[in-house]
Structure formats: C-alpha cells, structure tokens
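Just below sit the structures, each encoded as structure tokens.
Consider the two complexes below, in which chain A is the common component and chain B and chain C are the respective partners.
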Partner chain A sequence: MPALIKMTLRILLNRVKTDTLLKKNMTKFIKKEDLYKLLNSFLKDFEIIGPKQIANKGIFYEPLESIEDLYLGELFAIEPAKKFFLESSECLFHSGFLDGKATVQDAPLPDKRRIIIGLRPCEAKGLILLDKVFDSEYKDRSYINNREKSVIVGLACAKPDKSCFCTSMDGSPTGSRGMDVLLFAVEDGFIVEIYSDKGKEAFSSLGKEPDEHQNKTLSAYKQKRSELIGKNFKVPGDLSPIFESDYWDKVSFPCLSCGVCTYLCPTCHCFELVDEGRKMYRCNDGCAFSNFTLEASGWNPRPTKKERYRQRVFHKFDYFKKIFGENLCVGCGRCIRHCPVKMDISEIVSNAPSGAGK
Partner chain B sequence: METKNIYLPRLAEITDIKQETPDIKTFKLKLSLVYKPGQFVEFSVFGEGEAPFCISNSPTRGPGIECSVKMTGKVTQALHELNIGDTVGIRGPYGNGFPVENLKNKNILFVAGGIGLAPLRSLINYCLDRREDFKSITIVNGARSSNDLVYKDEYPIWEKAKDTRLYLTVDCQEDNWSCMVGVVPRILEQIKPVCQDSVAIVCGPPIMIKYTMPVLLKLGFCPEAIMTTLEMKMKCGMGKCGRCNIGPLYICKDGPVFSYAQVKNYVS
Partner chain C sequence: MIEELRNKARELLKTKQVEAVIGYQRASDGLSAIPCVIRSEEEAGRLIWDAACVYNLCGYLKDFRAKKLGIVAKACDVRAMIVLISENQLNRDDVFIIGMECCGVVDEKRARVSGRDGSDISSADKCKSCASCVPLAYDCLIKEKREKAKVSEDADKDKYEPVRKLEAKSLSEKSKSWKDEFKRCIRCYACRQVCPMCYCPRCVADQFMPVWFSKAGGIEGNFSWNVARAMHLAGRCIDCGECERACPVGIPLRDINRKIEKDIKELFGYEAGMKTDAKPFLACFDKNDPEDFIK
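Showing the complex of A and B:
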C-alpha cells in the first residue's frame, strides 16, 4: 500500500503549527474598560487588527487606529481575517536588470508584531488548516512570517448565525484551536482564557482570577453555545463513488461562477502567480472561475460549472480529508450567507446521494 | 531562522536554441540541477509570467538542462522570442519523476504523441545510457505530420541502439514518407508489443491517452504497468495553488508520473 504509506508520511511531516502551548490554561476576568486600556497601551508596539463597524457596509477586520473603533459584538465580519495572512495580492520577489544582467531579489517581509483580535473560533481553526498547506513541505515564508508575527486573540461566539455549522466540522462556537487567547463576553466584562506563551506574554499582567460565579458562567456559556447551532449533519466518509453522479449537474445549476464563496472562505487558498513586470505577485484565485484551469492550448479539464463546483466540494470534504485527516471547511457559513443565489454547501454535502460511503 | 523564498527562481542563461518544428523550440540552459527523468521546472520569462515545462534531456547527459517548448500562449510566445545569451528564471525541479528503479530488468514500451515525446526523451536517453539495466526498448512515436516530429536527429541513434526498436507514424500519408501511417493506438494494435515483464510509458495529448489506454489493456498490460505523465496548468509546482488536483492527488507534487491504476477513475 505505497499510497497509504505516502499519505501517512505526509500527515506526519506536516507538523501542525501551534505556538508553545501552556501546560495549563490560565483564566482571568477583565472589565471591558480595562481590556480597552490594555489594548490602547499595546498600540505603540503592536499593529492592532480587529473588527470595525463601517456604516452601510457591515463589519470588517481592519488595522485599528483607535481602540474605540473595536467592535466586539455579536455580528460577524463579512470577510474572514485570512487576508492578513494570505494577502489578496502579495509581492513575492522583484526582478530587474543591473549592468545588463538579470537579477531577482526577495520581496521584503513586514516586521511589525500584530495582535489580531475578535477572530471567531471557526476562523482561528481555519488558520490551522492553512498551516497544513503553507507551512508544510514547501514553506511559504510570507505566510509563516505573518503567522509568527501575530497574536490571535479570539472572541467566543455569543449568538451563532442560522447559517453556521461549525459543530458539524468538529468545531465549536467556543473552540480554542488556533487561539493564543480567547475572550468570552459576560455581563460586565470578559473572561479571558490564555492558551499559549504568546498570549501569556501579552495578557497575563492584567485582570484577576475569576470568582466562583464567573467560573460557573463560563462553563454554562461553553455548554449552551454549541446547542444554538441549528445545522447539524454528518459528512460522508468518502465521496469518490459519486464523482460521476448527475447530482453535481443539478446542484451546480444555479451557480453564477462569481467566486464570492472562495474569496470569503477562511480556508480557500487557491492562488495565481502574476508577473506584473519587475514584480511577481501571489494573488487570490478560485476554482469557481472557468479560466482557473484553462490551458493555453484551449483544453480545460474543468470545462463546466459541474466540474468546478464538484472540485470545490471534493477538495473540501474528500481530497483534503484524505491527505490531512480533516475537512477543509470550518462551518463559518460565509459562503451560505453571501451567495447571491442562495446555494448552501451544508445542504449539498449532507444531501449527497447514498452512493457516498458514510 | 528565516525561511527560504520558495517562489524565488534561479537565474539561467540560454546557451543554445534548436528549432525542432515550426512551433517547437528546444532551449538549452546553463544551470546545475539535480533531477530525475520526468521531473519538471517552472520557467519564468520576466515581465510575462511563469509556465511549467518538463526537462527533456537525461540527467546522464549534463551539464545543463533542456526544455522543449511549443508556442501556444503568452509565456511560450515570449520564450520563443528569446535569444542565446538571454536569461530566464527557473524554479524546481518539481514532481516525482519516473520510478527508474522499478523499471530495471523490464521491457520498456514508450508511447509518445507530438510534444509528448519531450519527457520520454529524457527517460529514453537515460535508459540507453544504462542499457544493461533494461531489457528490450520499443519506442512508438506519432505526430500529426512529419513536420511535427521532434528530436529527429536522435532517431538514427535510437534505432541503432542494442535491442531497441523505433516505430514512427504520422496521422495521414505524405509524399516521401516511408515509415508507418495511422494514429498511435492503431499502430500499437499492429505491432503488438509484448506485455510480459513490460512497462508501458505513455505521454501525449489527452485524446491520444484516452484511446491508447484501452489498447494497452487489451494487449495484456495491467493498469499498474502503464505509466503516464500528466500535465495540467501547474502554477506553483508545490501542491498549493489548487489547479492540478486530480482526485486527491496534485499532479505537480504527487505526479506528474502516475500509473494508470492511480488515475483511471479521474481521466475520462
């Protein structure tokens, strides 16, 4: 079984990138105004990125000039924070001529440390999945630099959306995977769980140990939130028996190939390399577009929406799982909330015909 | 420790250019590279972009690498306009290459169509340079017309090699053409190569692969004994950019060389 051995080896080689985790989580309680004061004091050493309410548009992750703009409410950011790790368009190297000879040079990497605050548990888990691709056998230095320079301070979900399905993806509205620190909004402030050295370095100085009442609130919070997720389903173990099924024709029929699902997905990472003349960029791309796989000869291995949408579903729920042992989906629901034709990947996967192995 | 930039190409000077056919040129580059037959590199024509090409010379015949490029799109057109002495960027080598160790003491059948001979030429010359490691060698090489045949000056050498047969074919009869006529699968049916202790190595356009596979199976080759080298629009070459998935496999990283058993469900 050389294929199986190869796959196992690959799983072992792809070490999961986590910062040094603490042996025992630290738990603190911090008042809202104290948290904001602490963040304010970080502004001179860190770039602080967090959700911000933009009038008539919605919630967006942005670098914050003032901590007053930080939004830690129930609403979800429209775009995931993926863009701070895999920028939508990022220079990889410069090329040019010096004394008549061609030259190439690495693009400079940003140096400033960052705190990214307000990430939901699904998005932080998405980063762990991206690590498997970009911090594996071939390491993407700019992605790794962005990961290493960032402290992830998450926010547990208070009120999941109706399109959320993180629990079906082995996640939870209060999950800690990928987090350095996780905030739980309670009545008069935040209960803060600290998981890593990075988080400890930034957050251990403030707040106090939670009292008994607050500890009880925290365990009730963790228990209740998962129950609020409305969508629950099991992904078939192996989709390959229905690769050729007409089902993919049917479900991809409404798709407009707009690609919004791929851009808003915290785990979609397909890209294009674009030579802009003297600069090579890595730019977001997506399997929804017909020219994604179109070859110069005119041959296209994924010529219609059927093959393209099937690729999206198979990559997330079959191929990635076969290689890395988990789905390339965190159940954040963005592709459902923002699809112009109301396609619902959770329904499409859970209703897959019975030929698929359970 | 700073991580190396995996996207940064090495610079390589073009030391020779050979016009193989009206639209195919072979570029020879000054570059020391450790590679296996069947592996590929990403060529960068600065200002135009990158494109993947297999290395078409054998590692036994260094120094330098050769790539044969058919003028088809933007990057290949820019590449065809380059001259000896110009510089290109090279990333790689990428991919698994041919399992040369598993081919030892086997009869080897090479089946090529058009520019599909390029990756096979690397392995053919590798086998000829280590002739005693392999049993008989049969090469079936087809093209649309005699003008589209590549590496013509090597045919006499291949024909003369020990226990080696070369069958050349074109799709339609031409004046002054003395070799075979007909598409590659039909020629295979005529010559009936032995399947015992044999491995078939196939590369060509998708349509040729589609009709060649059933013929090989009928001749008695088992799917595990048919190797093919696939191509798709491979951008990164490292299993990240998401274009070249074929089932759970990435052509660029797990391939481009696969056994027919591995990919038969995905090649339609």
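Showing the complex of A and C:
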C-alpha cells in the first residue's frame, strides 16, 4: 500500500496551482492592429518570443525584434516552445578557484520577463506535464525561473493538422490548460480569454467586452475545432502485459534511431550532463539514440531499436501515467509529421495488442 | 506496376530466393509511404510503389547482415548500394535488387513545411538533376507503364548551378550564412541515421573521450558536426538527398554534399556509385592526380 499512498500524494502535490488562476475567466475582444500595438508597447519591458515564418524552412519560435515578424497563422511551429523552458543546452554551474579554495557557483539566471505568444493548447499542456517533473518533489531552479518569468499567450488552433490527436490525450484544440491568456482568431481580430493574474496584468487594459455575436462565435469555434481532429483512439489502460510482445519488434522496424521525435516533442525531457571546461551543461538527449543507455562497461540494456522504441512508448503511455496520472503525450503530432520515415505513434499505441503474448 | 512488384516479391519468397523483402507500404495517413519488411507471401500485398516512395532503403540492409534479402530500389538507391558493395559493406550476392523505373519522387519535405498533403507538390529537387530513371544494376526491373519514363526536364541543365552560386559568395558571406543555418541544428542526427553511407558502428559524434562535437553552448559543436559529416561523405555521397529531407529544421545539407561532389568530379573525374566495378574514391590513388590545390 505505501506505493499507492505515495502515488496519491504525488498526484495531489502536482495539482495545478490554483492561486494564480482567476476565479472567473475574463473575455475580451481585441482588433488585430490593437493587439500588435499592445505587443509593440511591451517590447521594452518584456522579451517577446513568438512564431516566425522562415522561407523554405517553416515556422520557428524566436525572440522577436519586431512584432511584424509574428506569425499567427494556421501552420504549426516545428520545434515546440519547450526549448525556452528546458533549453537544449544550458549551463547549470561552473567551478573555479578562489583564494586557493575550490568553488562551485550556480549559473546566473536570466531575470528579464518575457511573453511567449502563439503557443498552441497542446504545447501549453506539455508545460503542465513538465511541471510535474521539474517543479514538484524536485525543484529545478532554472526551469522554475523560466516558468515564473514567462507569460504564456496561447493561440487556439484554427485548423488542426491531419497528424494531430490532442482530443485522444484529454486535450482540445481550444484547451486553456497551462495558458495565462488564449487568443481565438476570428474574422476581424482576436477574442481573448484571460485565465491568470499574470495574464490579467498584461492584457486587461485593452480591448472591450465581446458582444453577443462574438460570444456566439467563440462557443461555436470551441465546439467545431474539436470535431476537426481526425485521429481518435483510446490508449490501452495498462501496457505492461505486452512488454515482451513481438509487436514491438514489428512496429519498430522503420525506426532510424534518430532524435527527431524526442527533440521535437513538447513533453520529452531526457537530458545528459556535459562537462565543458569548468562548466557543467545540461543538454538534450533522447531514448531513441543507440548510446542513450550505453554503460561504461560496454553493456547496453537497450541494444536494438525494439527496446528503444518500446521505451519511448512505455514512458509516455505507461510509466508516466502510473506515477502522475496522465499520459506524457499531448497529441501535437510533431513526431508523426516530422518523422523521416513517417512512423505514427498514435497508430502504434492504438493498435497495440490488448493481452499478453503475441 | 504495383501488382508486378507484389508478384515478384511473392515469387522470391515462395522459391526461398530471399528471406525477406524490404519495400514500402502505405503509412497511416493514407498518402505517404513507410518502409516495411515482408517476410511471407501473404504479406506481399502490402507493398506499394508510387511517387511517395521517397526513402532510400539501403540503410535497413545493415539490420540483416549475411542474410539473403530482396530490396525495392530506385536508381539513386542502387547507386548507394554500388558504393556499399565497393566498400565491402554489402555482398552483391546477398541482395536481390528489384529495380524500379522511377519518374521522380515527391518533395515530401516541401509538403511538410508548407502544411500541404504532398499530392500537389512536384518532384523533389534531387530528381530535377537526376538523369537516369533506370537503376545501374538490378536483378529484375519493373518498368514504368507511363508513356516515357523520364525523370526530369532539367536533367541536361547545369546541375551544379546552385553550388556555383554559393561558391561565388565571399568568405565572410559564406561564414555568416552557414552559421545562421547551423545555429538551428538540434543535433538529432537524423541526417546521419538516414544516410545509407553512415554505417560506422560507433560514430565519431557518439564518442565522449574526448568529445569531438560538443552539444554544450555555442554553435561550434554544430558547425564541426555538420562539416565533419559532409567530409566523411567525400567521394561517397550519391546525392540521394535523404539527409536534407530528414533534417527537421531545414538545413540545406545537399548544398555542402554537392560542393564536395562537384570538386571531386572536376578534379578527379570521379562520381560515386556510377560504375559497378569502380574502387572507392579514396582508395584509387593515381600518380597523375592533380595536386596543384595542395598549398
């Protein structure tokens, strides 16, 4: 039983902190040019990060020097905004000598506040999942600082991609979890829903209450978008009986063991520590790489792509769920869209055999 | 054409000429292809062939060393196999090449970036400079039924034109533009994993005593990784374009590969994978080789 108590405690501890959330959502309507004006006025106090369209490459989140570059269209960013919270390479501390003594100093944390705009509901939910790892029993100072310094201004999806499956992961193309503010692109501007104090501080000064017509548009928008998600499936409750199944051998055949799926995932958070001179860095790592679990003795507990791909699926849909109560996947579809060989994790999970054996 | 391919696979498996056939099947989106391995006659119905079959499947051969395999291959894929054979990485008798006459594959990458489904996207860039639709070597050839199988109208044009444009830039321009490209590199190593020529059991990038290409801080590590990757392909790259296609952040890797390819062609008249009996480029020293570029 202690395991169960521990699990319940963890789930309780990990509940969303409600103190920063508003008791009642605020809804506003802002014209497009007013929103851009507002963001422009923020430029001197905030770092503004948002999606930017780069020719022949796609959409990338980048710190914006000019609000003109902001892309609030239908296309999805290639990398998730995770990289601004859990940086792909980040100095943790550095060591040195002072008066003949060895010293270890934490790396300085940035203190500039920032607005991250254009996050999709799936990515914001991904941050809530990362909170469970980096802001619960273990407190990661740099992750928490990045979270505290950021106002998350989301953008509800107008047109989900064919690889999206957020509704199967208890999400929605218009979900508000993890958002401070969420924008809904409507004909002549944005309907803005404000959920938190942080959001209120930044956005309450502008816009007007939406009229009845706009309220109707908003509720229709919310309903319609979920219906646009083509993939719908149920994750098997417990994958452990099929751990040894041949199924993993079969489905992992196309896998190249590259890091596209893990690096572009809004929830994957494995890392390695790298010494660089006197600095200690935390860098991205991923379970698909063949040397991820390679031990100093030369033994590798996950020698083939079967074990590695199975690990990825189990971490997301079994282990994490058993500890934290939900899947470590938000259904953003990036791993499907960008997989060089078009592997589809949603298909692999939903087709998993239900019982033990083959 | 697809039926012909499936029948051939059935026949090969039935007569036990091969243990398995590596080919393409339809992916979950109903439009793209995904690599698959066919082990029995019944499964052969899954095989497909169309312009969505972009991948170079040679990389999967290393999963099955010393087994007799059938493989569905386009002209560019066969070039890769010719290099692998010349480098003793593949035994010609171990593969049964089902050669496919190819009219070019879709630009899957452009479709992905622009959010389209690929059906309205023209041929991939690599196909535009490809001159041969029939593989150089095969054990059986499955012919394209369409009127005239021609890969590209542009095949006769100067295929190194983009490279020449790059060469014309000044040193500082080049340095800046490549730094801008490489700062995006996320070191997912998709370019390496997808490359049929990257078969080292332990890549130099995976060594950590010492670390050759650090992932920590700055772009120096990214820069040296990308340059080293291209240099390791000197005289070996057959321009299948898989690295550039797989790169999720859109680094134009083919430009670097083709610069090296062009230099080698102009200096030594060597093109990788174009002759079945050629020695590997770095293994064929000739005392008449030009050396005036050594300074």
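General observations
As a working rule, the second predicted complex is superposed on the first by the 347 of 358 C-alpha atoms of A that agree within 3 Å, B and C clash if a C-alpha of one lies under 4 Å from a C-alpha of the other, contacts with A are read in each partner's own complex, and residues count from 1 in each chain.
Simple rule for what comes next: a contact is a pair of C-beta atoms (placed from the backbone, for glycine too) under 8 Å apart; a residue touches a chain by one contact, two chains touch by 3 or more.
In this text the structure is predicted, and so the values were computed from the model without any measurement.
Legend: residue contacts after superposition of the two complexes on their common chain; A:287 is shown touching chain B, with no touch to chain C. In the superposed model, A:138 makes contact with chain B only, not with chain C.
By the touch criterion defined above, A:163 lies against chain C but remains apart from chain B after alignment on the C-alpha atoms of chain A.
When the two complexes are overlaid on their common chain A, residue A:102 makes contact with chain B while staying clear of chain C. Legend: residue contacts after superposition of the two complexes on their common chain; A:337 is shown touching chain C, with no touch to chain B. In the superposition on chain A, A:311 makes contact with chain B only, not with chain C.
In the superposition on chain A, A:74 makes contact with chain C only, while chain B stays out of contact range. In the superposed model, A:274 lies in contact with both chain B and chain C.
Under the contact criterion defined above, the residues of chain A that touch both chain B in one complex and chain C in the other are 274. Here chain A touches chain B in the complex through residues 3, 6, 92-93, 95, 101-104, 106-107, 133-134, 137-141, 144-145, 240, 243-244, 269-275, 277-278, 280, 282, 285, 287, 292-297, 299, 301, 311, 314-315, 318-319, 322-323, going by the rule given at the top. Put simply, chain B touches chain A in their complex at residues 2-9, 11, 44-51, 72-76, 87, 89, 206, 232-233, 235-236, 238-243, 245-248, 254, 262, 265-266, 268. Partner chain A is touched in their complex by these residues of chain C: 27-29, 32-37, 55, 59-60, 63, 110, 112-115, 117, 184, 186-190, 192-194, 206, 211, 214-217, 242, 245-246, 248-250.
Listing the residues of chain A that touch chain C in their complex gives 54, 56-58, 60, 74-76, 78-79, 88-89, 91, 161-163, 253-254, 256-260, 262-264, 274, 276, 279, 281, 283-284, 286, 289-291, 336-338, 340-344, 346-347.
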